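Letters A, B, C and D mark the chains as written, and numbering starts fresh at 1 in each.
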Amino acid sequence: MADGGLWRRLLRLDRRWIFVLVGLATAVPLLFPVNLPVTPTPRVQAFYDAVESVPEGSPVLLSLDYEPDIMAELQPMSIAVLRHCFRRNLKPVILTLYPAGPGLIERALAIASEAEGKKRDVDFVFLGYKSGSQSVILGLGESIRSMFPEDFWGTPIDDIPLMANLNAYADFPLVINLSGSAIADYYIRIAATRYHKPLLLGCTAVMATDYYPYLSSGQLLGLMGGMKGAAEYERLAGLFGDARRGMDAQSMVHVVIVILVILGNVALLTTGGLRRGPGASSGGGSREP
Amino acid sequence: MSHSVDTWIMALLTLCVFSFLYRDNPFYRFAEHLFVGAAAGYLLAVQYQNVLVPNMIRPLGRGNLLPLVPLALGIMLLGRLAEKTSSASRWALAFYVGIYSGIAVPAYMQAQIFAQLADATKPWQPGWGAINSALILIGFLTVLAYFFFSAPHRGLHGASARVGIWFLMVAFGASFGYTVMARVSLLIARVQFLLRDWLGVLPGA
Amino acid sequence: MDEALDVRWFDPNRINLLVGLSLFILFLFVNLRRARRAPSGLYIRTLPALQALDEAIGRATEMGRPVLYLPGLGDMSEVGTLAAVTISSRVARRVADMGCGLLVPCYDPVVAVLIDSATREAYTQAGRLDSYRSGTVQYVAAAQFAYVAAVTGLMLRERPAANVYMGSWYAESLFLAETGNETGAIQIAGCDQVTQLPFFVCSCDYTLLGEELYAASAYLGREPVQLATITAQDWAKILAAIVVVAAVVATFFGYTDIDKLLKTS
Amino acid sequence: MRQGPFVLTFLVGAMLIAIFFIPHYRAQQVQTQLLDWANIVYAFALALGSISLLVLHGNKVRAGGSQAKYSFVTVAALVVITVAGVVQGVEEGTLVNRIYNAVNAPLASTMFALLAFFIASAAFRAFRARNTEATLLLATALIMMFGRVSIGEFVWSGFPPLTEWLLDVPNLAAKRGVAIGVGLGAVATALKIILGIDRSYMGKA
């Protein structure tokens, strides 16, 4: 009876206990990391290799298009890519097509440039935000100057020596887009397809599968999806950032959910029951078959 | 601990929202009402600055009279503020609905139907891949059978519809499991914000 | 940027789409004729979710609690939202007939105006305009999670007996459906976004999958003319299946370019 | 006059369908113009909606009671942000931008993060092997979850390729079937509205 009662009670478990478990599974690994290994997938490896293959000292065009709501997935990518570029002595030219983007990018740049000891206007240029997403991406094929006459801090582009010979996609050996929206499609259509530029994409985990076809067609050279993609990249670049820190918590939360589901099903079996407990709603199968 | 006012505001609002997990309470209610007002106000300000000013006010100022058409429609819409004038808004609605239905017809035809058909009629993968191609074909046909409305789910049609729902369930399970990580990422970022940016108990990035 | 101006009056790359669209319109008109000639001749299988809708409204009336109708987070450029608007007028009519309360918080301001006028009209036709309160249909905020915050607040404080989700939904689907589940409301959902369907299936009592959302308005209307469009869709599905199977067969005989006929620019 | 709006919907809708097939630059200019106008009408609708939101919460404040203070928060936030945004703009460095970053952004991302909790509670409650369909849903979801995290690879190296297969084959098949059905449903719905077959969106049952 006691045992059966326990399982029965588990079936009706107040969901707030689940919330507590999820909360702990997130916070504890962040405070006490064990650093589970991260194995890079071929797509992220290809992303990394593409950055590695750019000759030292070359400029790289970096479009970072996201806002605070999804920064959890994309900000770690930005920091990792920037730091990797800095280490290889590449010169990133950065822009954003989202009005709430500059604040985030400023922070990412501060972290990356401080860590690698790089200076603005010498080692990188931040052009800031420009509205009109698709038309800006088109405009970058012709003239960066007409799109961004000044950089983010108000310095005229022509006063920045690094920008002297840079004015269009043609002047960059590589374009990188980290995006949480359809902006990625525009870069694929315009920068990669029309201007035949090598293009790398970082996006949210949910978006990633939609872009696999562009890898096989060669329009994308590499693809990094979500926090896991960012963690793989950090691992390749020998960095230890927010994504890798987060992966322990990811594993923990996933394990907690899997164990809960298994326990729920054991309880269902033990209590003999296809009878529904109170509070249990119809599962996937209650629909008309 | 952070010394920035903004960080404190951010942290307290974050905690207000988290408190919802326990139950509805005055802190959550405060955050909820603040959020609705702030979001509605922000949207209004953005629309004014990014749509009305460049597309209506400035052109009218330059003597371009075309924006008078949407201005008239917009005023008709505002007619709803009073009972007497509210039927004028039907014209503005009719215009708006017409535009988006008109765009939708070819757009859905192209992006949903033809794009998928073009993909489905591609030659099969060679070798073992052909098994996958065959499975995709079976899944596609049985799911279509499930959605077929003009016949009851009986006999062969019923059997295919049943297989169709199995494919749907596998797809739903995959989508569900795949999404967990994205959601957990967002939670991790919030916890990192609280522990690091606000409390300062985690090492910096 | 400065491409030569296009002066063609027809895009030959889109001829396949024109053919497809013409065929579909043809199917539509043929079935409209059939429906007008023999209104009872078209068979349409039932959707349990829509039968449950009546029960849910009935239960809300008995309990003296409102029905919460949520038209999705799509804007008008998504047809799922148009479907949500047409369904709202059917739901409003039933709610007005039964005399129970209705709450419709909206994400998109245009949708709010449309549903407000449709609902008013439905109450008028039911002869109960006197019981229509302004504020029944209310714009909240066109920001995803601000809207979610307001709606969860509504669920917890007004305790609707039935939550009806119809339209295009995104990440908020699970948030709302889980909160609604916790309040014990009967939940009926319809969604055309595949990625969100699993969450509704897990947390709602009934879910209209994909195109069932579009069929719902016709089902609830029950006019033969409406049902004719569903039959036209079924014909198009058969055609799609035939095209795909034919293409597979053709590739075995060495014709491998069928997919190019369906490519559009 | 009752018919007038439906005629307008038909004309605008039919014109936009036609324009899809006409690449002529003048036709494309017409489409751009109409979309511009629709955006302006939207801005007016947003103003109308915000006014009604203001009225709603204004009335609640006036009515007093324990909830009045919350409505006051909504009203204050809406008014302050709208006025500041219209006067000063919404760009980086403005008051509205600062409020957005300190209030809207953390509230939105924390609400979003709550999904991590709900996805866990939904999984616990709904993933019960009651029948074939539910079992398929639950099994695929568990495999996906394991295949996505480091610890899954640790347990069995076959998890990641299996998850890719689930996404690429059964998931693709089901999604394709749903997409074509949704496409047809959407085209039919939009056509019904353009042709005036379904007028229920304006309350005509």
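Everything below uses one rule, namely that a contact is a pair of C-beta atoms (placed from the backbone, for glycine too) under 8 Å apart; a residue touches a chain by one contact, two chains touch by 3 or more.
Just so it is clear, the model here is predicted, and its values are computed rather than measured.
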item: Minimal step count in the chain contact network, subunit C to subunit D; value: 1
item: Chains most often in contact, by C-beta pairs; value: B-D
item: Reference subunit D; chain at largest CA-centroid distance; value: A
item: Rounded Å distance between subunit B and subunit C, as computed from the means of their C-alpha atoms; value: 15
item: CA centroid of subunit B to CA centroid of subunit D, Å; value: 3
item: Subunit A and subunit B, separation of their C-alpha mean positions in angstrom; value: 19
item: Sites on subunit A at which at least two other chains make contact; value: 15, 19, 22, 26, 69, 71-72, 99, 206, 209, 228, 250, 253-254, 257, 281-287, 289
item: Of all residues in subunit C, the ones touching two or more other chains; value: 17, 21, 24, 79, 82, 110, 113-114, 117, 140-143, 145-146, 149, 181, 194-195, 198-199, 201-203, 209-211, 215, 230, 233, 237, 240
item: Residue numbers of subunit B (touch at least two other chains); value: 20-21, 29, 31-32, 35-36, 38-40, 42-43, 46, 77, 80, 90, 93, 96-97, 100-101, 103-106, 108-109, 113, 117, 119-120, 137, 140-141, 144, 147, 165, 168-169, 171-173, 175-176, 178-181, 184, 186-187, 189-190
item: In the complex, subunit B residues that touch subunit C; value: 20, 24, 28-29, 31-32, 35-36, 38-40, 42-43, 77, 80, 86, 89-90, 93, 96-97, 100-101, 103-106, 108-110, 113-115, 117-124, 137, 140-141, 144, 147-153, 168, 171-173, 175-176, 179
item: List of subunit C residues in touch with subunit D within their complex; value: 5-11, 14, 17-18, 21, 24-25, 28, 32, 79-80, 82-83, 85-86, 89-90, 93, 106, 109-110, 112-114, 117-122, 124-125, 135, 138-146, 148-149, 171, 174-175, 177-178, 181, 192, 194, 198-199, 201-203, 209-211, 213-215, 217-218, 221, 225-226, 229-230, 232-233, 236-237, 240
item: Residue ranges of subunit D in contact with subunit C within the complex; value: 17, 20-25, 28, 41-42, 45-46, 48-50, 52-53, 56, 104, 107-108, 111-112, 114-115, 118-119, 121-123, 125-127, 137, 141, 174-175, 178-182, 184-193, 197-198, 200-205
item: Complex interface listing, subunit D residues touching subunit B; value: 4-6, 8-17, 20-21, 33-51, 53, 57, 70-71, 73-82, 84-86, 89-90, 96, 98-117, 119, 123, 132-134, 136-145, 147-149, 163, 165-184, 186-187, 190-191, 193-194, 201-202
item: Footprint of subunit B on subunit A - complex, ascending; value: 16, 19, 22, 26-27, 30-31, 70-73, 75, 79, 99, 111, 131, 204-206, 209, 226-228, 241-242, 245-246, 249-250, 253-254, 257, 284-285, 287, 289
